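My questions will all concern the structure given below.
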Amino acid sequence: MSDLLQHVLNGLAAGTIYALVALGYTMVYGVLKLINFAHGDVMMVGVYVGYASAKQMGRDTSSSFLGVTLVFLLSMAMCAALGFLIERFAYRPLRDKPKLTALITAIGMSFFLSYSFQLEASLGGLTVLPGAAPRAFPDVITSQVWLIIGDVVVSNKQVISVVVALALMGGLQFLVFRTRFGMAMRAVSFDHRTAGLMGIPVDRVIALTFMLGSALAAGAGILYAIKDTLVQPLMGVTVGLKAFVAAVIGGIGHVPGAVVGSLCLGLVEEFVVGYGGSTWRDAVAFGFLIAVLLFRPEGIFGRVTAEKV
Amino acid sequence: MGGVIRGLLPFAVAVPVLAALQVLTADAPFLVILSLTVGVNIVLAVSLNIVNGMTGQFSIGHAGFMAVGAYVGGVLSKVTSEYGISFLPEVVSDQVLFALSLVVGGAVAALFGFVVGLPSLRLKGDYLAIVTLGFGEIIRVVVQNTELFGKALGLSGVPARTTLFSCWLVVVVVVVVAKRIHDSSHGRALLAIREDEIAAEAMGVNTTAYKVRSFVVASFFAGVAGGVFAHYQSIVAPSSFTYVKSMEVVVMIVAGGLGSTTGAIVAAVFLTLLPEGLRSVLLAVTGDGALAQKVEQIRMPLYGLLLVVLMLLRPQGLFGTRELWDMGPFRKKRAPSPPSPLSSSASPGAAPEVVR
Amino acid sequence: MTSAAASTAASTAAATPAPSPTARPPALLSVGDLHVSYGAITALRGVSLSVGQGEIVALIGANGAGKTSTLRAVSGMLSPKQGSITLDGKPIAGRKSHELVPLGMAHAPEGRGIFLNLSVDENLTLGAYLRSDHEGIEADRENGFTLFPRLRERRQQRAGTLSGGEQQMLAVARALMSRPRLLLLDEPSLGLAPQVIETIFKILRAVNQTGVSILLVEQNAHLALGVAHHAYVLETGQIVMEGTGKDLLATDEIRRAYLGE
Amino acid sequence: MSLLKVHRATMQFGGLKALSDFSLDVAQGDLQGLIGPNGAGKTTAFNVMTGVYRPTSGAVVVDGERMNGRLPHQVNRAGLARTFQNIRLFKELTALDNVKVACLADDRPPSSPFSRARIDGLRRQGRFAPAHALDAWGNYLDWWRALFLTSGYRADEAHIEERALRLLDVMGLAHRAGEQARNLPYGEQRRLEIARALATSPKVLLLDEPAAGMNTKEKAELMVQIRRLRDEFALGVLLIEHDMKLVMGICEQITVLDHGETIAVGTPDQVKKDPKVIEAYLGVESKELQA
C-alpha cells in the first residue's frame, strides 16, 4: 500500500515537471498552431545556462536562497531571449506558409540546438558550447527528507517542484484568463487576422508568448535537473517529446489539459518503472500517445474542429 | 508479353553494368563501402519520398522500419547461415538466402508500415509526424528488450553478404518502382491526396487505401534497406536506428525537394558523400584523426541549420516536385492535342448570343 | 470608366447614371488604382473609390467580384500589389491592421470575425483594445447594449453560443467600441432573417447619423442601395459603374443583374 | 428514372439545424437549381449528398443505391460528381493531370473482368457489395500492372490520356493541358473543375456556384455550356448559384432553401412569384419597391 502511495507521489512530482514544459508547447500551439519541436531544446539550453551560472557563483552562493533565485531568473531570461530570436527569425517569416514548412523548420531548429551543444567550443577561456559529456547539476538545493509517513518518503525537492510548478500554472491561468494580455492571446489564438483588426499588435503578442513559454521551459528544466538527473545536450529531445505527448493527451492548446495530461503521463511512467519495466518506459509513453490519438485525436479536453468544405 | 520485356528493360541494362562495376571495384574496399552507404541512403530517401513527397503525409520514423528489416533479415541470415541450397554452388545459395531474408525483412517492415499507416486515416500533418516518430521509438525499444535481437548490445555475426551488385540492384528496383508508381494513375492519386485530400476523395480516389498503400510500399523498401545495411555492417545495434537516422533521411528528401525522386537521389548522394569526403580530405591533409572526427560531430547541427535555412529561402528544395528528366535538355515534349470539332464552339472567342 | 463598363452602359443607354449632381462631401477615405492578387489569381485590377465624411458608401457585386478583397486591402489585412489608399490624406497602403485602428478605422470582417471562444463582454472589450479611458469604454459598452438589447442579456455567454443575428450585432457593436470614424462592414445581412436584417440596417443608419462614415459591402443590392449615399458596382475586380444609391437602383442593368428581375 | 434521390435529409451540427427535411429528385436530363440566401444550407445539402457529411436523418439514394454512411469516393463511384464553391483543384498538377486523376479506373477496357461496364452491371442488378469488391480488387491489380508496365496497363494509360484531353477540349481548355492548375485564370479554373468532375463518368453532376467570379459574358457562355454538357453526357445536373439571372435562365426546376428549410419548389416563374421567396431571397426592402 505504501509502495503504491510512494509511486503515486513520485509520479505526480515527475508529472509536474512535464507539465511546465508542456505548458510552453500548449501556449505556442495555442497562438500559432505550430508544434514547436525546439521547445525541449530551449529547455536544455536553459539548464546549461543554470549550470554555468551556478558554477560561476560557487557552491556557497548558489545554494543560498538568493543564489538559487538568481540561477532561475538568469536562465529564464536567457531562454526568453532565445525564444524571441527563434520566433523572430525562424518562424515569423513562415507564418502564412503551409504548416509543413513551419514544422520542418521547428524540427531543424531542434536538431540544430541539441547537436550544437554536443560540440565543444570555447572563446577566450569561456566555454561557449559544452560538449556531449553528461554532467551533474550543481547541488544548489541539498536533498532533504521532509516527511516520512510509514514507508512513504517525501523529499524537499519533490515538494519544491510541485509547489513551484503549481504556482507557475496558477500564474499562467491568471494571465491567460484574467488579464488584457491574456485576452489578446486568446484572440490571436482564435484568429490572428481579426485580432489585428481590434488593434492588437499580433507580432508582439506572439513574440511575448514564445518568450513566456521559453522561460517556463527553462524553469522546468532546472527543476528537472536538480532532481539528480544528469545534464546532457540530448535531454531536451527526450523531455521535450514527453511533454509534447502530455500536451497532446490533454488536448493541445488547452492549459489545464496540459497539466492533467502531464500528471497522467508522470503516473503511468512511474508505475511502469516502479514495477520493473524501466527499459519499456519510453515505449509506454508513446504507446499511450498513439492510443489517445487514435481513439480521441483531440485529446482529453480538446475540441474537434472540422475542416470547411 | 512485350510489355513485360519493356518493364524489365532497366534491369537488363543495370545487371551487366553493376556486375562490371563489381568486378572493377574488387580491389577498392573503401570505395565499395562508400557506395554501399550511399546506396542504402538512396533507398531510404526514395522510399520515404513516396510517403512524404508524393502522398504529402509526413513521416519522421523511417528508421524504425529500417530497423525491422535489419533485425528480421539479420536473424534470418544468421539462422540459415549454416544451411545451403544443395543443388546450388555455395556463393549462389548464399545470395539466394540473402535475397530471401531481404524480402522477408521488407515484408515484415511493410506489415509494420500498414499498422503505422492506419493512424494516417485520422491524423494529419504534425500529429501524424509525431505518431510515426513514436512508432519508430517504440520499435527501437521493443528491439532493445528482445533477447532474440541481442537486446541493447545488438545482433552480431550477421553474415556479410551485401555486395556492390546486390545493394545497387535494390537501388535500381526502388527507383524504378517509385517512378512507375509516380507515372501511373496510382501516382496521380497519391499526388492528388497531397494537393487536396477532400477533392481527391470527391473525385473517387479512395484516399484511405492509397495512404496506407504508400506507407506499406515505403516501409517495405526501408526494411529492405535495413537488410542490406545489416549484411554489410555485420553488427546491428539499436543505436543505428534512432530518431537521428530518421531525420537524416528527412533532410535528404527535403533538400532534394519533396516529391522529386531524382531530387531525393541527388541529395542522398551529396549529403552522404560530403562528410565522408571532408573526412578523408582532412585525414589526408592533416593526418590528424581528431579533426576528421569533428566532421561527424558538425554534420548534425549543420543538418538542422540546413533544414531551417532551406525552409526560409527555398522551401521547395533543390528540384521542387520536378524530376531531372523534366528539366532543361531532358524535357519531355508533350504531343499536341488533337483538334476537335467541339473546341471551336467552346472557345471564348465564339460565344453564342447571350440569353436574357 | 473602364471599357467593360462602357459597353454595359451602352447596352442600357438611357439608364446610365450621370455623375451625381449633388457634390459629395470631402473624402475621408480614398482609394486609387488598387491592384491585389493572391498568388497567380488577380482579385482587384485598378479599383478607385472614395468615402466622403459622414457618407454611407455601398460596394455591390457578385460573389468573387472583389468586394471583400477591397475591404481587406483598405484595413491592412492584405497588402496591395499596387495603388494608393489614403485616410484623411495620410497614405496608409501596406500598413498593418493594428496600426490603422488608432487612426479611426474599424472593420467588421467577412464571416463576422467574432471570437467564438470569448464571452460577449470580452469581445466588446477587445474592440476597445487600444483605448485606456475606462469610463469612456464602459459608456460605449452601455451604448452598444442600448442599440442591441439582446446582447446585454447575453454578455456573460460565450459568443459561440449566440445565434447568427446576435453574432452580427456583436460584430457591429464591437467595431463601434474603438470609436471609429470609418466603419467597414462586410455583408452584415449574411444568413440573417429579414427582421434581423431590418434591425441591423436601421442601426447602421443611426450610427451613420452620429457622424461615422461607413463603407458597406453587400450581396443584397436592394438593401445596400437603399441605404447608401453613394455606391459602386464591382465586377471581376473592376468598378464598372458608380452613382448615388437611388440612381443605381433605377438602372435596368442593376435590376437585372443583381435583383433578378 | 431518378438518378439522385434525397429523402427528408436533416443535418444537425450541435444544436443547429443546417438542413432540415430536405428532399430532392434529379433524373437524367434534368437541369435543376438550388438557390437561397448565403448561409441557407445549400452547400450543406451538397455535402450531405456527396457523403462529406453523414445526414442526421433521412436518406440519399444514387441510382438506386442507398448512400448513407458511404464515403465520398464511394458516392462518386456510384455516379455523383461535384465541383466546389471555393475551387479545390490539385493546384501543383497540370490541368491534364487534374483530369487524369479523376479518370482512374473507369478506363479499364471493356474486356477486363474489372471493367466499369461489369461493375455497373452488378450495380444495376442491385448487387452492390460485389460491385464494390470488384472495383477495389481491380484497382489493387492495377498497382502490379503499373509496376511491370504490362501492355494492358499502357493501353489503359493511353486511353486515359486521350479521354482527359478530350474532356479538356470539351471545356475549351485543350490549350492549357500542360499548364499548372494554379496558373490558370479564375474562370478557367472553374471550367477545369467541371472537366475533372466529368472525368469520373458521373450520372449526376453537382455544381457549386459554377459561375462565381465570372463576368457577365463568361457567365452567359457557361450557361450554354452546362446545357450542352447535360445533353452530350446524358447527365442530370443540379447547380447552386447566386446569380438569379443565370439560374432563372437555365434551370427547369428550382428548389429554394432558407435557414435550412425548403421554402419553395417549382419552375422559375413559380418560384419568382412566391412571396416567401421574395421575402427571403430578395430582402425586405424589395416589398416596398414592388408596392
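Descriptive notes on the structure:
Order of writing sets the chain letters: A, B, C and D. Residues in each chain are counted from 1.
Basically, contacts are C-beta pairs under 8 Å (C-beta built on N, C-alpha and C of every residue); 3 or more make two chains touch, one makes a residue touch a chain.
What you are looking at is a predicted structure, and each value in this text was computed from that prediction instead of being measured.
Set against one another, B-D and A-C show the most C-beta pairs in contact at B-D.
When each chain is reduced to the average of its Cα atoms, B sits farthest from chain C.
Remark: chain A and chain D have CA centroids separated by 49 Å (rounded to whole angstrom). Centre to centre, using the average C-alpha position, chain B and chain C are separated by 54 Å.
In this assembly, the C-alpha centroid of chain B lies 38 Å from the C-alpha centroid of chain D. Centre-to-centre, using mean CA coordinates, chain A is 45 Å away from chain C.
Chain contacts: chain A has residues 309 touching two or more partner chains.
Contact of a single residue of chain B with at least two other chains is seen at positions 198, 356.
Residues of chain D in contact with two or more other chains: 52, 84, 216, 245. Listed in rising order, the residues of chain D touching chain C in the complex are 37-40, 182-186, 189, 209, 212-216, 242-245, 248, 259, 272, 279-286, 289.
Of all the residues in chain A, the ones that touch chain C in their complex are 180, 183-184, 186-187, 189-191, 193-202. Note for the complex: chain A touches chain B at residues 34-35, 90, 93-94, 97, 99-105, 107-116, 118-119, 237, 241, 244-245, 248, 279-280, 282-283, 286-287, 289-290, 293-294, 297, 307, 309.
The part of chain C that touches chain A in the complex is made up of residues 75-77, 96-98, 101-102, 106-107, 109, 113, 115-118, 122, 125-127, 129-130, 174, 178. Those residues of chain D that touch chain B in the shared complex are 50, 52, 71-73, 76-77, 81-82, 84, 88-93, 97, 100-105, 136, 139, 142-143, 146-154, 156-157, 160, 165-166, 168-172, 174-175, 177-178, 196-197, 199-200, 216-218, 220-221, 223-225, 245, 249-250.
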